[in-house]
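Given below, in the form of structure tokens, are the structures.
The following pair of complexes shares a single chain, chain A, combined with chain B in the former and chain C in the latter.
For the complex of A and B:
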């Protein structure tokens, strides 16, 4: 068993980055995720593993430092919260276009604009549909506990390098700020391997490596896009992750991720104490979305309620997955308010069972 | 066993660290725990609160709107959280600065005058540990040896010489807590 600690979600991300053998972290402070960099600065991993931790002058600088580090084949990451992630979108699109691995962490707060510093899930579209320009996808992992904040740092890096694609941990202010028990994984040393595609200086035995997202030849640019799309189909085929809770005998279904899924677990207990057979389907990867697995549930359940801390974003993907076979509705709160289990059960009764 | 607790008071009273020590002690006892603070502008406004859950099972929602126990350390928190105690639950409060005492008739009410006791012990910093002691007397969820280990884990090493003072404060809290009201 790994070392047990009581940690904030943000601290778990930072500790996991050191343990995963990250080469660099570049960031700019913003509530509610500032503890990521604070923890790294206090730990001074450079003295132990050589990991660079740098506070950039802005989010734009941070994401472009990530771009540069990733181009050298290094294990690099950044973290921010909603408005900061918006500032990074140009760089994220370039990184995806240059097929580079990196880890991005968004500890989401309410928007739009500067919004609020309280938790929200209103950056779902931005993460899974592409907040930057062009036909690209981010592998998007949604942790529902401090444990998963730690575990998904390792998983995110693994997937990013496996597919040479940026991976995003889409968390929120509640999971970032709360403390839970975490079993930390054992540290791995930083990799010394020189990746064949990385721009590490040309040696006589190979051609130049070029990292770019620019190609002005339409044919080559289309071929490149087709190659990207092929990679995305492969990820959709192989990397879907989800959890089903009390779904075996369920007549109705909640779909929720992250903090909402925690509230909904309590709602499931509450509803079942009133004789309503309801389960929870928790997507862990938001892209690739578990569409097939949700469609399969339509054989069993009569209706689905998507519970989100947004105006209803994931519900669109659930509707696409269900193809009109059963009723799908949404309930959520915004502006930093977290729905209560009572509210959620009431809305299931009103919108799905009674509706 | 699942115990859902809100601890609420002024910033600086050690509300968040009391919750953290309770959670770490729970971890040492092999329990599941969660610690969900209020953060941001709320804290800057002078009030601080934290939701602590200690359970034998996987914890569902870390955010709650009703609690088994409310530990209330100022009047604003009394106004906000007295009504959130589940029927049959309990409320613990420090009488210092309280102008409107709890009025619920369906919960058990205890008073622990920790501010006064801390002054007597000549250490304002152990205020929160006196309160914690009061709570652990009424709800002995955790063994004292695990509370000791929780303190060791929560406090940076440079403060480890203060652990015995903190334990003394916990004992004082256990002695001074008084039942004020018990529903029939």
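For the complex of A and C:
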């Protein structure tokens, strides 16, 4: 059993980063995720593990520091919240285009624009459809607890390095701010390995390493894009993660992730107490999306309600997954409001069962 | 007098100059007369002379020198427009024993990347910044740069830079010199052989000083863009001397206290 602590989600991210052997964190303050850097600065990881923590002058600088560090094969990360993540999109696209591993954490707040500092899930499109320019994908993990905030730091780095691709933890203001019990994994030392592709200084035993996302030759640029797409298909094949709760006998299905999935867990109990056999399907990877697994559920359930703290973003992927076989609808709240279990059950009855 | 054969001429004792082995065999894409090739060569020579090849990580900008990584036999990263000092910051902090430099043009360093430039220098990042100022956006076809002189013509100020309407040129090197984090700040040019020699000395200092961990070393090279300026290379160098240098005077702006 690992060390148990009562922590905020944001603090769990920070502690997990040190324990995962991260080499560097580069960030810029923004509510509701500032505790990540505050915790790191207070912990002095430079003394614990040698990890570098730096407050950048902007999110632009922060993501480009991540780019520079990642290009050296270092385990580097940043965290921010929605407007800050928007600012980082250029850098994220470059990182994906240069095939570099890194971890990004988005503690989502309501938008658009400056929006609100309250929790939301309205950055789903931005994360899973590519918020920056070009054909690229982000491995997107959706934690539903403080425990998963910690666990997904390790998992995110693992996947990022396995595929040389940026990975994002798509959290929200509620999970970032709430305190829960968390079992911390045991610390691992920082890696001393020099990766063969990394820019660490050209030694006589190898050719020079160049990290770039540029190729002006259309044929080579297309070939590179095809290579990226092949990698993305492999990730879709191998890295889908999800959880099914009370789905065995379900007649109806909720699909929800993150904070919404916590609300929906309660809604499932509530509905079942009224005799409605409903289950919860919780995607853990939002990209790759568990499309096949959701399609498989159409053999069993009569309808699906996607519950999101957005105007209905994930519901589009669910509709694509079920290919029109059964009814799919959406219910959600916006602007920082979290739906209640009562509302959710009511909407299931109205939109799916009665609809 | 007996005929001298080529083989007799090509002897080690007769060699007065050789290309640095840090330069690759790739043909430079720069316009004939452009200063970039000269600055690349100087930097390559310094890296070779100081035996830094295996320690060096360079950052290329977005601009004419974006493909610099094709020309130098060192590890390089290609940054987004203006962000090179941010990349260099992280690299140097993560691997403090390495030699890290950025190579940036005026649009990259003094327009879109102003914040990264100022903050990296103000934090005193132990990096070396080479800043090529030719007063124009070369790669995109000759648009007005932050350093375009008053009344100077460019494709987005075809009647000359009207400072009332378009604002003034930015002397960013002067600003950098005032920052507590900068250690060595100098302005050089490569438009005459004498200036090339001086520029090389300055670049060598800016590279050597990085080992001292005292702050940012910043070398501005006032250069030409004969294509963008629509002049012959010779005319461009003369125009540089008559117009650029009075506005951007050469010399050290900040030198270490010895």
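Operating definition for what follows: the second predicted complex is superposed on the first by the 355 of 355 C-alpha atoms of A that agree within 3 Å, B and C clash if a C-alpha of one lies under 4 Å from a C-alpha of the other, contacts with A are read in each partner's own complex, and residues count from 1 in each chain.
To be clear about the criterion, a residue touches a chain if its C-beta (ideal position, glycine included) is under 8 Å from a C-beta of that chain, and two chains touch if they have at least 3 such contacts.
The shown structure was predicted, so the numbers you read here are calculated from the model rather than taken from an experiment.
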Simultaneous placement of chain C and chain B on chain A, clash or fit: fit
Partner chain in contact with A:269 - chain B first, chain C second, else both or neither: first
Which superposed partner A:213 touches (first chain B, second chain C, both, neither): second
Which superposed partner A:118 touches (first chain B, second chain C, both, neither): first
First, second, both or neither for A:174, with chain B first and chain C second: first
Touched partner set for A:341, first chain B, second chain C, both or neither: first
Touched partner set for A:259, first chain B, second chain C, both or neither: first
Contacts of A:139 with chain B and chain C, given as first, second, both or neither: neither
If touched residues of chain A are counted for chain B and for chain C, the larger one: C
Partner chain in contact with A:6 - chain B first, chain C second, else both or neither: first
Spatial angle chain C-chain A-chain B, Cα centroids [nearest 10 degrees]: 120
Minimum Cα separation, chain C to chain B, after superposition on A (Å): 29
Residues of chain A at both interfaces, chain B in one complex, chain C in the other: none
Contacting residues of chain A [partner chain C, same complex]: 23-24, 26, 52, 54, 56-58, 60-62, 64-69, 71-72, 74, 76, 90-91, 94, 98, 199-204, 208-214
Touch list for chain A against partner chain B, complex: 4, 6, 31-32, 117-118, 173-174, 177-181, 259, 262-263, 265-266, 268-269, 338, 340-342
Residue ranges of chain B touching chain A (in the complex, touch as defined): 20, 23-24, 27, 32-37, 39-41, 59-63, 65, 153-154
In the complex with chain A, residue positions of chain C that touch it: 53-57, 59-60, 66-67, 69, 72-80, 83, 86-91, 93-95, 98, 115-116, 119
